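Two complexes, one shared chain (chain A), two partners (chain B, chain C).
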Partner chain A sequence: MLILEAEHISRSYGMNPALNDFSLSLSSGETVGLTGPSGSGKSTCARILAGLERSDTGSVRYAEKTLTRPDPGIQMIFQDPAGSFNPVLTIRQSLSAVLSLRRVPKSDHHAVLLAEFERAGLQTEILSRYPDQISGGQAQRVAIVRGMLVHPRVMILDEPTSALDVSVQAQILHLLKDIQKENGVAYVFISHDPSVVEFMADRVICL
Partner chain B sequence: MKFDRRYILPGLLILILLTVAAVPGLFAPYSITDRDATYQAPGPDHLLGTDNMGKDIFSLLIYGARWTLMIGFASGLLAVFVGTAVGLLAGWRKGILDEFLMGTTDIVLILPKIPLVIVLAAYLGPGPSVLIFVLGLLSWESIARVVRSKVIQIRSAEYILAARCLGFSDVRIMVREILPVVFPVIVPKFVLVTAAAMISEASLAFLGLSDPLMVSWGGMISDAFTYSGFLRGMWYWWLPPALCIILGVLAITSLAFIHERGVREVVQV
Partner chain C sequence: MNRTLARKIVRYAVSLLIVVLLVFLLPRCMPGDPVQCLVGEDVFLTQEILDAVTAKLGLDLPLTEQFRIYIGNLLTGDLGYSYTRHQNVAELILDRLPWTLLLTGVSMLIGYTFGIIAGTWTGWMAERKMSKILTSFGVVVSCIPPYLLGLIFFSVFVYQLGWFPYKGFYTTPDLFSVVYHMALPVLTLALFVFVRNMIIMRGSVLTERNQLYPQFAKSLGVPQRKIIYGHVMKNAILPILTHFAIDFGFILSGALFIEIIFSLNGLGRVMYTAILNLDYPVLSGLFLVIAVMAVCANMIADILYGIIDPRVKRGDGR
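And then the complex of A and B:
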């Protein structure tokens, strides 16, 4: 089933074209790899697909509706794991806010977080820490857990492993594969590393 | 985190002033309506003598802390509230709203403050609420500018983008995600505006533009000037309130500078 579709999207910043006539179709449970050299427009493309930026031309459709603003059904995982969290909030505060947004009763927050952390192979001690007090791999796992709390149908993964060492990279990639197998979430996987893209993606688009 | 000992002296001074302002009755030997012989020199009954009305100057000094500090802090709070709201909105929304709000900020920035406050206080009456509103509503522009630039700096941070993806509302993002990060730059601005408002209040009171029923340190200096306290060499009438204003403003600005330097040191580390 087609879940995300981009048709002929282009984006320029002033006189500099960042993305030119890009099209993509993504089905549930599928992973599309997006690769290309630095400055080829991968991150611009990711932000447009997530509804964070508008394209100059073309359109993005999510669940058969034109995307004009971010939709919780599309989540984005960023390159800098610690930077994805508010520096003045603990991990628990950041995740509890998402659960409150989903109207999960406050009394259930701890139990939900314990279950999600166990699934992601995370220790619960880090719940009381600040983002700069946990490792890059832990922060990226927590970011994935946070994204999954809103039950997205699409995840845009913008270089999610490029800031991590090789052993942690493998753990994150396997975690993403497990989540996809379990939930059928579709991925747009962005990386400049062809071997990582090849490992994750069903098909690859080169920018 | 290690406690910075530089906070002790100004913090203690402000604590003493706030305590005195909160419960003046505990510290003042007389009420502000009690009268005795006029123009008395300092003695055991009246530590700083009495004024032209026979009121105990030490008691007036104690009661004066209340209005001076209240006007300072209330104006500071009002300026912080307006400046933060304007800065957050302008930095977050950008476009026409940003241009309108920053245009308004620039107009407030170039207004000659003290002459305008004098005119407004003269026209609107000398009540404390008028002073708070006038001083507060003319002092928010620097806060708005600082907050706006900080918001522009962090609005494209990944945690803000993540919050937008998760479906948080704009108001929630501004209040819960951006405001706590911007807060450290607001604190020194708040204390500086508070200190400036205390000086402005004293200046207005000295010019006779404060409520005559309201006892404030600026008003005491004004009374000493008007009712021959200077001519009679009654330094104990005007010097203590002047020292209180100087010490209060110094303590408050020291806190701001120490805090700002601390933040800079942390950033450099």
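And then the complex of A and C:
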């Protein structure tokens, strides 16, 4: 089932074209790899697909509707996971805020977080720490957990492993594969590393 | 009590001690006779009277003994005696301080509140025309020193338009009269505080809005107002706190100029007269009170910093 579709999207910053006539179609449970050299517009493309930025031309359709603003059904995982957390909130506070948005009763937050942490292989002590007090690998796992808390149908993964060492990279990639197998979530996986893209993606688009 | 708190208390206690020491040493280190300095250079005293006053003030005692007496006096609220005004310095300052605090307090409250809100908005909406206009206005106004701003306002709103009274805190001691008299001086100082804070806040929000966490909040569908005022503003406000501590003395000195321009009988007028009359006891007392207030402002900023940014409490904050 087609879940995300981009048709002829282009984006320029001033006189500098960042993305030119890009199209993509993504089905549920599928992983599309997006690769290309630095400056080829991978991150711009990710932000447009996530609804964080508008394209100059073309359109993005999510679940058969034109995407005009960010939709919780599309979640984005960033290259710098720690930076995607509010630095003055503990991990528990950040994740609880997401659960509150989903209207999960406050009394259930702890149990939900414990279950999600166990699934992602995270220790629960992390919950009381601040983003700068956890490692890059832990932060990326927490970011994935946080993204999954809203039950997205699409995840845009913008270089999710490029800041991590090889062993942690492998753990994160396997975690993502497990989540996909379990939930049928579709991925747009962006990386400049061809071997990582090859491992994750069903098909690859080169920018 | 944790170590960080203990360290802070010691730091502020040392700062206060240095201030007290400077105020104590200043008249004693000045060239010439300290008694002559205390009574004013225009007053002629015979040697007999000079000796008598020296003994009365304890200036013939060893410096350590003098310091002990000085600290003892300070602890009982005795800041000395003004021979020019023939008045107790502490009483004089206590009489005028509330008016200056009213002027600075209300101005800072207005200036900081609106400066933070407007700075957050102009930073977040930096590309909008209205934001650019407001920023340009802020840059221009912030370049005008408060005394000049006061003079311009005085000339336009008092002299030309006659909307506000020429001088004083009140005609009759009621709230309406006080508000009517204080409105323009408060607006002048508040405008100055407002534009400075708006510019700082704007820069800070511009940095924060490019961080990933507001973008993630956006992708979750968190309303924009909540992202700006609930997340971004809380992080962007930290430089304002630092600025509050550093700028407190500057705002107070700005208030002193405004008091002079609008003929308000607060500490500014007292200081102005004391400088003209070389009234050292009053100047020393004022210096001490202003320095203590500046140290208190630093302490408040320090406490607020710890509340807003928990990383500071850990002692390894940015």
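FYI, the second predicted complex is superposed on the first by the 207 of 207 C-alpha atoms of A that agree within 3 Å, B and C clash if a C-alpha of one lies under 4 Å from a C-alpha of the other, contacts with A are read in each partner's own complex, and residues count from 1 in each chain.
In this text, a contact is a pair of C-beta atoms (placed from the backbone, for glycine too) under 8 Å apart; a residue touches a chain by one contact, two chains touch by 3 or more.
All values derive from a computational prediction rather than experimental measurement.
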Combined model on chain A: chain C and chain B, fit or clash: clash
First (chain B), second (chain C), both or neither touched by A:L101: both
Touched partner set for A:P17, first chain B, second chain C, both or neither: neither
Touched partner set for A:Y130, first chain B, second chain C, both or neither: second
Chain B/chain C common contact set on chain A: 47, 50-52, 70-72, 74-76, 78, 80, 83-88, 98, 101, 146, 150
Contacting residues of chain C [partner chain A, same complex]: 211-213, 215-222, 231, 234-235, 308-311
Of chain A, residues touching chain B in the complex: 47, 50-52, 70-72, 74-76, 78-80, 83-89, 97-98, 101, 143, 146-147, 150
Contacting residues of chain A [partner chain C, same complex]: 47, 50-52, 70-72, 74-76, 78, 80, 83-88, 98, 101, 130, 132, 146, 150
Residues of chain B defined as touching chain A within the complex: 157-159, 161-168, 176-177, 180-181
